[in-house]
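Two complexes follow with chain A in common, the first pairing it with chain B and the second with chain C.
The block that comes next holds the complex of A and B.
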């Protein structure tokens, strides 16, 4: 088998299934020897850096039509995002921007256009730390898998809580991600924001990635507050305690001061040699507090 | 494997049909080989530069079906049936106005990142002839230059936009 200068094997078998059922069957047959590949951008960096060995078999899922769909239903406010949609597809879709603006903003902030032309939304999600995830979490995301039988639906938040320790999902094929737009109560306006804070503008794991969405009435009373945080190696999640606290509160100095303290206390990011936990907590609390101020203004 | 399934055969080394700089070719290379190595080592097209190998620097940028991709991240099989344009293809009909703009505005020093920069700018302007400064910044966010400080590069992009506009206007008048 040929190898490049880094010793990475360059000659695995590449399979080209045409349906999810074929792809799943291949994976079941090949077991750990076979790996699903889509854009391949993350896999390649893992192979080059030695974090993962190049497998003997690649299962190219790029030719499976059912993974490429983008279905937006204005009546139900739902969106079905095929796992093979590239981040560029999402970034440049005006319809996605209208209905799921946080996802558009997330796609804009991930890597650079040339990477986004290859990298897929499915791959970003399955990395478990992708910066699309905080934005997706705002829209009650549900993963649709092909599991060799009738298909499996699983809320993204549930999958994120079990995926690091239970690897059974690696035998399944992600088909699509279903999102639901938040509904709007009358006499309210919705405020949304997405932010990445990093040591550089691009190409560095973010210190904090935050997404938020909330309704404000004319008295600036908050409702339907949704907050999600991630960044670096932190698996993104919703901040349910802070959401519960904010719902029904007036967005004023007292509320913002209290939620700032709550996030410092409750948010549990992963630190590393460059950015410790305490700094990430403070950055997250500052981001949410500053967005609340902007919403009030 | 189920009997009802279409027989599947894997690709180990095979012929991958594609178009390279306007010419139809078949790549007889391992399918997972990086496009960067196919271009430089197999086809001796060294205008595409090798640098970071992980899609961060943009020196190896090429266009596939008109959009920029990092050839260090692209596997040969991903080019099947597609049209690849390298820096050699951009200048096949003589120096491109974007290249001339980089020369005149000092948009390079060592020049190593320049082919990748040119490809990114060409992909941008082919798609959007009159981009805003923010759109230019986003389009070039995957190209790193360690010499110029980017001032000359930004001027070169603006100059290329002006020239393309003038060229379009003069074609419209004469047409």
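The block that comes next holds the complex of A and C.
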């Protein structure tokens, strides 16, 4: 925590850069003394719980215009989500709901209204365990960073696989998240679902978060299956083995039973003092199996 | 009467403190500040059990902006507090027994300086082995936490011989039930403002449920006369029993005295969780047997209550649990043995329901299990063993005679919710076969008042004040339950005053009489009784004065809106007229006219300490939905039949039952302050989960049964707690109805209710592929 010579806490100095380059430069200059802040909702809880010290300098990225953009391209089916878009912005956008409905659903389920008005999509992603991540993972997400030079593009899943151990990303500034809508094959129907299970119905940390998207043809044959799971301290990820298994299968009871067993076997969530791993595995498998069952019913 | 706005008509009133509360205009005591005020902070033990070998405060005291650093050496009087048994150190001398134990306190110019000062206090600890389990605490291996050992209190009740009784049973059910360390979670955390005046008197602005008890305890700690302390204690942002005991008051008072400056303390939620009271976690083992007709033959109960490091009201809570594991049923043979046990876990203490919540969850669970063994409807088994109105109470003590048990049982079984049993639709189940619904019910009689053997004074005062206001003065507290609204409504309905005529004065020990505590579902009953006693006195005193001035016989006068009325007979018409307004009457009197009453809460003619005389009866039915994909339970509908005598304030009554039920929902499904090794794992409201509005999407019907026997003189019974004690067992019964799984531990673990395989889930819904 920022402190005076006697050790008494003082409020951090807050910088207000107007461009990504300026923000990046501030961070480069301040080093570990400076921390990017957007909504500040997660930082506050970390300071209060002692998980992180309040830094001497906060770099408020809220006044950087390019971080606020929402660009939806109906021709390419892509969407660019500025990192500063709040969860409320996303939740209430009809365009987002039409193109990326799982993201709308995810935004609806995170925290409480007053927090969603401040908390940003960028912050939710960079927490590594945000409940938007399973939804984003369905849409081939790519992170766009400002790194002081030409900018950097990196698939979200790639970043998630290295972020906990390689902290270099903390020197960069997340500009936006690019998503792509799945294309539809002819004669198929697409089914999507998002579930967040907490220890209560609202304003609760997730225990299991599941997102899925799949195509079914008239014979109930599955294709383009995308499954993502997360929740609690589990870093969300796609279930590639299960997706591979399901693609091309008929969505019948046998398939559902098999994929249920596969998820139980392969999904490795983290437990905590409140909810054990065993529950998380079973609930995750149940949710995905139930969506397959509903799709063919 | 089904309580709701429409049916209540004009009796549904806007509560006087409502608008300021919902607009945020109302200032709570912890919102107060004073010029030159210092900030107080308390240094608490990081260890659940340790010896203190040294405390060094020099560095903290030397920090600029620090005005006082105090330790146990600075406590002039008794360095202990505790309502019933003062054994909790204000500031620990040589030993800490839980992570909330206070070791030192500071007063400083700012929050930041105070917190830095706490970091500069050096305390040397020698960590001791901990006792974090109540059963382990009772073994010879466990370290002793107090000179008398680890047993705070043992209490039981016996009748007949259960050993022989069980030999004669056709069916016996043995089960052990566990209940959580529930937190009150009041919106306003503990705090207050402490000011020594120029006259040397201390004024305490701090929420409490019994100002006079705080005054006595603080006088003992400060070694000053009680008359030198004024306690201002309302309004309060929620309490539920949690602010009845002292919390920050000793530190504020000591720091204000030493610095001679106003001092404010206000716990963060983190500190509130760490230091504050919780509901006693209990392990209740029951063995209950019936003959082949379902008649209860023997009931054996063992209660282990984790009371934490110090007593507060641990013994009294256990007494209440012992009474309520017997409950509204009759048994041939009975053997209840309860233990309230010291541990190094968090402090347990007073909490709405007061040990009844745990007891009733266990007891009602036994009936559901026995009924199944007998092949009987669970309610039929209850009816066969339910007390008759003339039967003695649980401890065989005489109790006030009512038909409450029968009344609530009949109302509940006639409810549309209960009638729906066995007819739940299958259509939804086809669409989502993992959703199962069920209906369950539970029953209780819940005692009010502190019980036999405990001082339980009551009383109040009515005054026609100099300005013409009718002052109603009580030492009861408003902590959100609607006490002010109920008192106002009683004055309007029973005396005929208008709300503008009335001034209600509570929560200031300098001006109110001792009406006893605002606890134990007693305040409304005691206000009603006070007004019953005061009415003839006040009429006599005030109307006789009025008679002098208006030249009318006193017996023809009555109180009305704005003044004193009588029927004035004229040659052409006779009409009731206001003969003199209250301000005019007050002016004519020249001095205030005051009437007081003091009495004791009615108690039973018994020798059993804690036995009650007045009870409220309740039967609750619920409909729940269990999602077997997630194991999560949703409460769809609740029906409460409550027999508590006449309804004084329909909105307040409904609010108490709904609010109590909401707490019970948390108790059943989500709330537990989890501890490990004497440390809280739930440190804040991000992991301690109270129900939100999302959990309250279900409907709730409250049926108030008002009829009392004709000769009843006790009037309205308490309803502050009864809404919180019967829901959990009803939910457990409904879950069994839905999915056939018995719950023994609260909050209910969703994993228990998950489908064991996906095949099992779809068995009924899918045939073949």
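The rule we apply is simple: the second predicted complex is superposed on the first by the 287 of 297 C-alpha atoms of A that agree within 3 Å, B and C clash if a C-alpha of one lies under 4 Å from a C-alpha of the other, contacts with A are read in each partner's own complex, and residues count from 1 in each chain.
Just so we're on the same page, contacts are C-beta pairs under 8 Å (C-beta built on N, C-alpha and C of every residue); 3 or more make two chains touch, one makes a residue touch a chain.
Keep in mind that this is a model prediction, so the values were computed, not measured.
Legend: residue contacts after superposition of the two complexes on their common chain; A:273 is shown touching chain C, with no touch to chain B. Look at A:203: by the touch rule set out above, it reaches both chain B and chain C.
When the two complexes are overlaid on their common chain A, residue A:41 makes contact with chain B while staying clear of chain C. After overlaying the two complexes on the shared chain, residue contacts for A:118 are found with chain B alone; chain C is out of touch. By the document's definition of touching, neither partner reaches A:127: not chain B, not chain C.
In the superposed pair of complexes, A:49 makes contact with chain B and with chain C alike.
When the two structures are aligned on the shared chain, A:241 is found in touch with neither chain B nor chain C. In the superposition on chain A, A:78 contacts neither chain B nor chain C. In the superposition on the C-alpha atoms of chain A, the part of chain A touched by chain B in one complex and by chain C in the other spans residues 6, 10, 45, 48-49, 201-203. Residues 1-2, 5-6, 8, 10-13, 30-34, 37, 53-56, 58, 61, 64, 67-70, 72-75, 77-78, 120, 138-139, 141-143 of chain B are the ones that touch chain A when the two sit in their complex. The part of chain A that touches chain B in the complex is made up of residues 2, 4, 6, 10-18, 21-22, 25-26, 29, 40-41, 44-45, 48-49, 54, 57-58, 60, 62, 88, 108, 111-115, 117-118, 201-203. The part of chain C that touches chain A in the complex is made up of residues 63-65, 110, 112-113, 115-116, 119-120, 270, 431-432, 434, 628-632, 634, 669-670, 674, 676, 681, 683-684, 686-687, 689, 691-695, 750-751, 754-755, 757-759, 761-762, 766, 768-769. Of all the residues in chain A, the ones that touch chain C in their complex are 3, 6-10, 45, 48-49, 197, 199-205, 208, 252-254, 256-257, 260, 273-276, 278-279, 282-283, 285-287, 289-290, 293-294, 297.
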